[in-house]
Structures are given as C-alpha cells and as structure tokens.
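The following blocks contain the structures, represented as structure tokens.
There are two complexes below, and they share chain A, which is joined by chain B in the first and by chain C in the second.
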Partner chain A sequence: MAASSIPVRKPRRKEFRNATLRWTLLGPALFVIAATIIYPLISSFITSFRHWQLTDSPEPGDFVGLENYRRALSDAGFINSLKVSGEYMLLSVGLTLTLGLGIALLLQKPTRLNQFARALLIFPYAVAPVLKGYSWRFMLNPEYGVYAKMIGKLFPPLDHFLWLGHEFSALLVIAMSEVWGWAPLFALMFIGALGSIPSETTEAAKVDGATSFQIFWKITLPLLAPVIYIVALLKIISAFKMFDQIAIMTGGGPGDSTQTLYYYVYQLAFRNLDMGYASAVSYLLVVLMGIIAALYVRTLLSRGD
Partner chain B sequence: MTRTAVTTTARHRPSWQHRAGQLAEVLGTLLVIFFVVFPLIWIALAAFKNQIDVYSTRLLFKPTFDNFRAIFSDPIFLGGKVWVSTLVSFLTVAITVPLGAAAAYVLSRHRFRGRDTLFLMILVTQFVPAVVVAIPFFSLFRKLNLIDTPIALVIVYLSFTLPYAIWMLRGFFDSLPVEIEEASFIDGCNEFQTLRYVTLPLVMPGILVSAVFAFISAWNEFFFALILTRSNSLTLPVGTMNITGPRGPMWEQLAAAGLIVLVPIMIMSLFIRKYFVEGITVGAVK
Partner chain C sequence: MIKAVNGKQKRRLVLSLAALGALGGVSSNVLAQTAATYHLKPNKPYNGTKVKFLICCATAGQFAQMIKLTGPGSDFEKLTGITVQWENTPYESLQQKILVEATTGNTYDAVAWVDAWGEAIKPYLAPLNGRIEADRINMKDYPNAYIEASTDKSGNIIGIPLRGHPLILFYRKDIFDELKLTPPKTWQEAVKTAQIIQQKKPGMSGLSTMYGVNAGQNLFSWVSMLWGNGGDILDKTGHPVFNDAKGVQATQFYVDMLRKYKITNPASTTFGEPESSSELKQGRAAMWVGWWWYWAQFSDPKAVAPAVLNHVGFTPAPGWAGGKKASYALVWPLGIFKNSKNQDAAWEFIKYVTSSAVQKQVASNRSNPAVADNTVVLFSGMADPKVNAANGGIPKVGGQVLRNARTLPQVKTWSQIQGVLEVGMNKMATGTDVKATLDQMAKDVDAIQKRANIY
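Entry: the complex of A and B
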C-alpha cells in the first residue's frame, strides 16, 4: 500500500464520470469537514477581533479591531509560551530523531533478537498520551519512582532530584514521555529506509578503508535525509500540539516554565474564559502550523512528479 | 545488512574484537527492549500491587485484584466511563468509516476539476490545532445544552478522524488496480454495483485498518473530553484524573485504570501491525 501523494492512474472509462454518484458519495464527508473544521476556523477568526469574556455574557461582544492581537504582542505570558514551545519543539524533535536513528542502527541486522525487538517497537506509540504522562511521572517520582532510583544509583548527585520541580528538567521529562512513544516508531521507519540502501555501497566504502563512523556520516545519513526531513516535520507538528502530558504532569509549572503556546491558549479560553483574546492567540498558532503544513505539502507535491 | 556482510567483517578483524562488537550490539538491543517495554510492564505490575508495594521498587510482591474492585465501585465508578468511552469511540468509527470510504473512493477513481486541490485541503485540515476547533464548539455546545453529552464528543472527534481516514483510505483505493473494476463494467455492472460488489470487498483490509485507527484516536482522546464533559459523560482518560487521594494520585488504582485504557489498544495494534507505520505517516515515507 502506498498511501501516497497526488498523481494517480487515470481511469479510462466513462463509468467513473457519474457526477450524481460522485457528489452523493463526497457530499456527506465534505459536509462534516465543513461543519467540524471550516466552521470553527472561521468562527474563531471572527471572534479574534471581538471582545468576549464568557463569564460576562454567552454572546460575543463588540468588535475591537486588532486590539486582541496587539495585546498579545505585549503579553509576557504569550511571549513566554512562544519561547517554551520553541524550546520544547527543539528538545523533543532532537531527542526523537537521535534516539530513533540510534535504535534503527542497533536493530538493523536481522538477527533473531533484533527481529523480536522490532516487533515491540509499535507498542509505545498507541499508548494514550495521558498514560504516557502518568507513567513517567510515577517512574520519576523522587521518593519512590523506579527510574529516579536507577538514575540515583548511576549518578549519585541526581539522587532524590525533583525531576518535575525544575524548569529545564520538567520540560525534558515531558519531552521524554513523548519521545518514548515516537522514537520507536521513527526507528521502524528508519529501518525500512536503511534496508533500501544497497549493501554494495557500504561494502565498497569499507573495502576502500572507510571507518563505520565515516560510512554513517558520508553515506547512510545523506541517503536517509529525505525520510528524516519528512518525519521531522510530522514531529514538529506533534510537538506544537502536545497538551495531555502537560496537563497530567506539570499543569504548566513550575512557574510557567512548561506553559507551551497550546497550553496557554487552553488556559486563556477554558480557565479564564477570555474567548476573544484566546481566539487571537490561537490564530497565531494556526499561522505557525500553516507554515509547517505548507512545507509538508510542498514536499509531497515535489515527490509526486 | 545480510549475513555475508557479517562474515566479511569477521574475516578482516581479529575475532576478539568481533566478539566484543557482537556483545555490545546484543547489549544495545536489550537496552532498547528495556526502554520500549519497561514503562508498560511497570504499569501492569503496579495495577496488581497493594497500597504499600506500589511505593517500593521490588519486583516480588503478592498480587491483588483489589485495585480493580476499588476503581469500579464508589467513589470512582469507572464502569460508567468505560461505557461512555466505548460508546463514543464506536459511534465515531461508525460515522467516520462509511463517509471516509465513500469520499476516498471518489477522490481515487473520479477525475474532475479541483479534485487534487480538494484532496490537499482535506490533508491540510489535519494541521489545524484542536484548541482552535474547541473554542467555538465550547460556546456553541453551551448554547445548545450539549456540554457533557457523548454526542458533543462524537461531533468534535470527527474533525480529526474523518480527514485522516479519507487520506488513508485513498491510498488503499489507489493501490487497487482499476482493471478489475473495468472488467466488471464490461460484464454489464453499473458503477454503483461495481463499487458495492467488487471494489469494497477488495478494499476491506484498508477499511478495517482505518476503523482501528479511528477507534484508537477516539479512545485515547483527552483534550476535547476534558473541556466538553463535566460528570455524566466523562471518558476513561479524563476519568483517571479523579483517582486521587489526599496525598496525590493513588498510583495502584491509577495503574489498574491505565491497564483498562491500554489493553484494548494493544490488542488492536497487534491486529494491524503490518500497516502501523504506513498508517501513521500516510504516504510521508515511500
């Protein structure tokens, strides 16, 4: 199955031209998409130009022009959330790619043990994000967490370290709970891509005296680059959308150090019930995602040719 | 890398070095296995521990079923949440799959102006952050008195399951040779009959896979359920937040609830193992 890009074999028969059947089949799906995505997108956009405190009134208030957007620019909470989202994105994307690639290289040879390990790689991804959050929080509890104790044994200075109590480590732990789900999946994709690199290429390099490290940097990595690029885009998107683990593990804290843009919009809309301002900030998130989506679509299109 | 690659390296290197390398590889693989499965095993073990054992890291303990008994009775009543989650997930699948398959069929087989643009737009909707969808629906559902109902959840879940299913199912239709359908036309079937008796049965594995993916994403969903439910329609993932005592989360009961969230999904993942990677990246990696 190549659930792939744009061009498709051209049906030659007139049978696929029945317009009534076409719109009968497409109609319901398009209606649902319009109602569940297009409508809220437009509605949020309009709300972003209005004042609307839900606690005051169930109906949106006056139009205030660009007021909400201007407010965002001088809002320290918003600036902080942008910074946290950026940091989190770099941290989780970097860790996922590195670990995914490491696992793929380790499990590349089809020995029986490696085959067994590969079969296990699909499991963490499908675990509910809420459970990822709980389990890492439990395992890193400074008093009784099993990972915290292991780390304490290996690096005594980190014994009883409050993993979720410090700014950087809290972000790192959230990232790890997500990396645990994604890195094995990326490894599976990389193993597939590694398999398509002809072994003659690496063999020839070996005969010419290249070290394994050189082979990795000069041959394997460049050949994997297209796959790495596209999965990195997918991961960037998931990093900006991550919510569940923050809610379960830190609630945005300590301080506001794990308050990502996404979590900040959630706070504004559903804690402060400031729908107008929340809509404006959420639209800045939409713009950010739009840029990434554009890159993604461009890559798919260029491959279709 | 095949076996020949291993033997050539062996010939070039002293064998102790080769052995050490092999040992390091095996240890590395074992470390990967540990990293991947340990959190799952730790949840599973904690679910059968009592309130004291759960705070120790010993591997030997006397297993108990008390946690399961506790979460299904007062004050947590997880049974109701299991029911809501099951209902919402099945309803979501029941709407997503037929609508998705119908749209995917047209987008794969029919050629009409704007088709590719339409398809790209459907793909792009997946990039819309859920929080943007949640804001208008929250106020709309408040007005319509739909807050805290399963229907509200099904409606918003369609916003992410349907585009995804269309995108995935189109791939399955595309991979089906059109010649089979053309043969059916020659035999005198019209398009609807061909779709019903030829195309759909052939694409059945794809339909099952997309159903499983839709089920998993609805079952695991947390964000919308957190915002749109209060008490009557709490789903399993949100319901777990109530499993707290005076000293924070009651880990042993939480683990038992976690196992209930986890097990159906793990079984389904096994079932569609072959399609897993493709299902998630849908065409991103060729």
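Entry: the complex of A and C
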C-alpha cells in the first residue's frame, strides 16, 4: 500500500511545480496584457457610459447610461464616418483582391524573372503607412507630383487634376496608397494558393476544350475561394483601421469626406477631448471589428478542422 | 624645495590678490546688475533648481536660441543657478500633453500654449498678477490681443506672452515694381491686384491661400475678413453669429477669391500653411498672407527660389474695404502650472525669456540663418532700431498690425468649434452653398455650446 501511494504523490508535487513554473513564466506577459489591453478595455467600456469632457474635469463625470450611444446614432459626424469607412472598405478590399489576384496570375509560373519579381513584391508592404501618406501626397501634387504628371500625360483631361481635392478621388487615392502595399502581399499568398491547385484538374479541363477564362472562372477561382475569403476578412479589418494616410494626406477632407471611423474617434478624443463619447464610438467600432474578427477566426478554425 | 618669499614677491602677491578681489567684486556687481536687467532675484535664491518646461517646436529659431540661453552652462544658469529643461514635444500632441499634465500630472513647472487651447487649461495655471506687480513687469508693452489670450475669466493674468505673430501680407516687390502696383490695403484691393498680376504674368497665382483642413489654418484670413466686416464668430453669450448677414458676406468673399475670382491656386482647397507659403517661396504666387516669422524664411537663400530671394516685401495684412482692420494675432503665452513645486524658479525663467533684453537679443541675432527669427512680442522690441535693422523693418510693421489685432474666442469649447469651422470652410471652398453651410455649421456649434452648458 505504502509503495503504491508514493507514485501518486510524486506526480502531484511535480504537477504543482510545473504549474507554478508555468504561471511564473506566464506572469509577466499576463501582467503586461492585463495592464495594456484588458484594463484599458474595461476602463474605456465604463467610460463610455459616463459624461467626461476633459476640459471640464480631470476625473470622469456622472454615469449617463446609454446617452453616449444614443448620441452616436443621431450624430451626423458618426454616421458620415461609418459611411466613409464602408465606402473605403469596399474600395480598398475590392481593389486589393483584384490587383493581388492579377499579379499572382501573372507571376504564377516559376520562371527566374518571376521569382525575382516575387522577391520585390514584399517591399511596398514594408513601407510605413505614414511614409506612404507623405509619398503619395507628394507624388499626386498637381504642380510637381510624378504620379499626377504621368496620369496627366496618359490622360490629358486629368492633367492638373486635384486628386485630393475631390470627395471620391481623395478616397480613391487613399485606398490606392493602401492597395499599393497590400496587393503585392496578397499576390504572394495567392501564388502559394495557386501552387496548391492540382495541375491534373486544369489539364483535364484543357483536354475537355475549356478556354483559359473558363478554367479561371470555373476551377481556379472556386478553389482559391477559401484563401480569398480569409485575406478579404484580413483586409476588411485593416480597412476599418485606416488612419495614418487620412491624417497625412487629407486630414479627413475635402470637408469630412474621408473621415473614417478611426479618424473620427481620434478627433473626438484628442481634439474635442470628449472622452465619454469617444469611448462609446470606439466601442461601436470594437463591436463591428469583433464581428469581423470572429468570422475570420471561425473560418481559420474550420479550415484547420 | 620651497623658496623663501622676498619683499618684492610679497608686494606682487598682495597686489595680485587685491586685483583678484577687486575683479571678484566687479564680477559679482556685474552679475547683480545683469540680474536686475531681467528683473531676476539677486544672490541666486533658487540655485540648483531644475525647471521643466513643456513646449514644442525646438526648431523654431526663437526657441532654438532661447534653449541655448537658458540650458546647462547658459547665461541664465550663471545668473540664477537654475537649469531649464525644454521638453520638446511634437506640436500635434502638445495640446493633449498639456491638458493631461495640467489635470493629473506634476512633472512640469512651466508651459507654453497656443492661445486657442488656453481656456481649457487656464484653471490649472497659477495667477501671475502678484508676481507681475512685485517685479514691475510692464504689461502695457504687450498687444491687447496677447494679454487677452493670457488672461482667465476672473481677470487673472496666467501667462506672459513668449512668442506671437501678426498677419502680414508678403508680396513680390519685383513684380509689383514691374507692373507699377502698390501693395493692397484691403482684401477687395488684393483681389483686383491679383487679377492684374494673373493677367500680366500667366501661370502665376495672384494670391496664395489655404482652404485645406489643417489645424484651423484655413480660418486665419477668414476671421480677419469676418471681423473687418463687423461680424464675429460668437457673441458675448457664446452663441454662434458667424452666419449672420455680415458673416455670410465675408465668407462668400473668402470663398469667391478661389471659386469666382480665381486668384488663387485651385489646389489651395488642400493647402495648409506649408503648401500655401511654398507658393510664394517657389515663385508660383505673387502674394501670401501669413505669420511674420516667415520673413526669415523668405530671406533665406536655402528656403526660396533664386528668383524670389531678396524680392519679398511686406505690409500689414489687408483689412475689409470700408470696415475695420482687425486681423487675428496668434500668441504663445508662457505660464506656471499650479501643481508645480518650483513656481518661484519657473517665474525667474519666465521673466528672463520674456524680458525685453532677451527678446531683442534673439530677434536681432542673424549670425546663423538657420535659427534667425524676427519674432518679438513686446512693442518696445518691435520699435527697437537694432531689431528692425536686423529684420528689414518687419518688426515695426508687425507692431502696427498688432495695435488692432484680436485673439480667437477664449472659450473652452474652441477646439470643437474650430473643427466644425475648418471642415465647413473646406466644404464651401469645394463648392457647397455658403449660406446653407454656414447655417449648418452654426447649428453644430450651437449643439457644442449647449452640450458644454455654455448657455
């Protein structure tokens, strides 16, 4: 009996030691996460139910229930920023996917030149968003911008066109500055996915007399669909986070036509110093992003299964 | 081996010691006199104190020079024993940092802020009236606009102007001479002059302006037109009135310069101060209305096109035809946080950097073009012959402008109001109806004021 009880005790002690070691090692990371993510999340959630105008008081004011959330629903600025974010998301996701897929199809064959081109693809993604903003703003200047001049030469009616001075073109240009970085990255992902499509399938289709377009439309695209879905979700999240280029290129203008949700929250919190309302709008954004992120994670997990 | 000291050597030694003693006395007298020049306390009562100063823009010539004058090993340190640490914060985040520091922090002793931010932080700044009186600081030497922006609702002065700017019309002297034009005195004249220039000099904008959304910069000329025409942004009770008949007229004119008279670059709907000033610097525009500190740039060979160098003239910013001449003057007051533990030492620093002597010394120093800066906040400095000689006479012209200049509304909601105004202004510049947009802007401002319990 005594001999049989010894082996039972030893693993328990070992388990305890292991658990202690685990928590000791995890502790600092958990503390940092709690301090930098969980605490601000809880704190800002509570703040979203309070009146807190920083110019009135350094401390949060009274609880106002759902007042801040109700205000958002009738706030033209919030509704506008939601609309702008939606439009921007559609533009940037659509363009990124289309261009990314196009580049992938072009560079699909593993020739030496293609491999060299693929290596170059990662560079635009490595450029900092703020730098992208300054560069694009400079390059689209109607007086001396290299892009503006090139477009003007190719399409004379667009010579001296004020790209950042019109509502749609400003949003388009901001989207393009982002697409420029993301499309090559997506192209690399698509090249990988294209490589995993069995060549027998496409060859069989060719034998059956299918055209290149039919092969792409009926075979390649459906087989790429799961990858497209995942990268699209990733890009949607990124699109809703758009801030840097807006701040650098347009400041939300012309008027408020490029004022995205993120930029609007920034304005509310750090210009208007309206912390309560800014927290409420942030949480609406969190809910929106949460839904998209949940879809993304669910898709990833189901693919894993 | 120690040599015996003979009589001759003894006499020399005594004389040397006497001379050293005399020099020491003279030197401490000189220090005391110098300290008095700056209204500083004698005998270094705050020796060893470190004053932390919350500020931005260390690259501004005036600040760059002052950092040298007050930093470690500086004249100020020798006079007072106080070391000043200039905390150079990026301009974009300065307002937030000031507010957070004012409400919850105790890191900094002194702070400089832009006039329009002031109302939100004034409750957290120490009143300076007693100190001003005790040290006989002549506040009449400052423009009213600067004093107004440095005063709280109870009438306490909570800041001493450190840096300030009147609006100046810069123009190309060579083109004006060639076309026999005189600098315009009103905005209406400016439009006519610009039209003539554009007719005679194709490819050149008559006047460079800024209508882009960028920290309220598209409001500078507009408020001058509004005030000149007898309008205002808010009435005495804080209600928006910029959409009344005078406001509509002034705003329509401001927008018409771009859309109807076409005297400015169409791209100015995206311009802020850097882009619009570049138009003049690069020779693409004949006139520009902006802050006087740009003069140092217009006279810097590295900053302007060769054709522009030495050809930029200046005159007071235009007024409104048949109306008042009242342009906006921007000021950075310098104050002390209530929660500072080094308030007395911070006051010594404030007295020094805002003193007439330091202001004049900095403004007249053109030994290094990179930090040359004509900015001076005292009328006596603006009238000083040496300062004017160093800066081509622009301080005197700035002084004229500042006699009638105004400051922005000192309300705690200003940052929100400015957001509404600058976006609305940009919308009108890109084509929305002036009256309808102004009405909507007034409605938005009204909502801001009500939410803040202003009325």
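Criterion: the second predicted complex is superposed on the first by the 288 of 305 C-alpha atoms of A that agree within 3 Å, B and C clash if a C-alpha of one lies under 4 Å from a C-alpha of the other, contacts with A are read in each partner's own complex, and residues count from 1 in each chain.
Just so it is clear, contacts are C-beta pairs under 8 Å (C-beta built on N, C-alpha and C of every residue); 3 or more make two chains touch, one makes a residue touch a chain.
Fair warning: this is a prediction, and the values are worked out from it, not measured in the lab.
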- Task: Could you classify chain B and chain C on chain A, in the superposed arrangement, as clash or fit?
- Result: clash
- Item | Partner chain(s) touched by A:Met89 [first = chain B, second = chain C, both, neither] | neither
- Task: Tell me which partner A:Gly253 touches in the superposition: chain B (first), chain C (second), both or neither.
- Result: second
- Query: Touching A:Met139 in the superposition: chain B (first), chain C (second), both, neither?
  - Reply: first
- A:Leu54 contacts which: chain B (first), chain C (second), both, neither? both
- Message: With both complexes superposed on chain A, which partner does A:Phe270 reach: first (chain B), second (chain C), both or neither?
- Response: both
- Message: Quick check for you: in the superposed arrangement, does A:Leu162 touch first (chain B), second (chain C), both or neither?
- Response: second
- Using the superposition described at the top, determine whether chain B or chain C touches more residues of chain A. B
- Message: With both complexes superposed on chain A, which partner does A:Leu224 reach: first (chain B), second (chain C), both or neither?
- Response: neither
- Task: Clash-wise, after the superposition, say which stretch of chain C runs into chain B: 41-49, 167-175 or 275-283.
- Result: 275-283
- Message: Per the definitions at the top, what is the overlap between the chain A residues touching chain B and those touching chain C?
- Response: 54, 58, 143, 270
- Item | Residues of chain A defined as touching chain B within the complex | 1-6, 8-13, 15-19, 21-22, 25-26, 28-30, 32-33, 35-41, 43-44, 47, 54, 58, 103, 106-110, 113-114, 116-117, 119-132, 134-139, 143-144, 146, 149, 180, 184-185, 188-189, 192-193, 199, 202-203, 206, 227, 230-231, 233-234, 237, 240-241, 243-244, 247-248, 262, 265-266, 269-270, 275, 278-279, 282-283, 285-286, 289-290, 292-293, 296-297, 300, 303
- Query: Which bits of chain C are touching chain A when the two form their complex?
  - Reply: 95-96, 99, 102-104, 119-120, 212-214, 265-267, 269-270, 272, 284, 412-413, 415-416, 419, 423-424, 426-427, 429-430, 432, 452
- Message: Please output the residues of chain A touching chain C within their complex, sorted ascending.
- Response: 53-58, 141-143, 162, 164-167, 250-256, 267, 270-274
- Can you check the complex and tell me which residues of chain B touch chain A? 1-2, 5-6, 8-9, 25-26, 28-30, 32-33, 35-37, 39-40, 42-43, 46, 54-57, 95, 99-100, 102-103, 105-112, 116, 119-120, 122-125, 127-139, 142-143, 155-156, 158-159, 162-163, 166-168, 170-172, 174-175, 178, 181-182, 185, 190-192, 194, 206, 216, 219-220, 222-223, 226-227, 237, 240-241, 249, 251, 254-255, 258, 261-262, 265-266, 268-269, 273, 275-278, 280-286
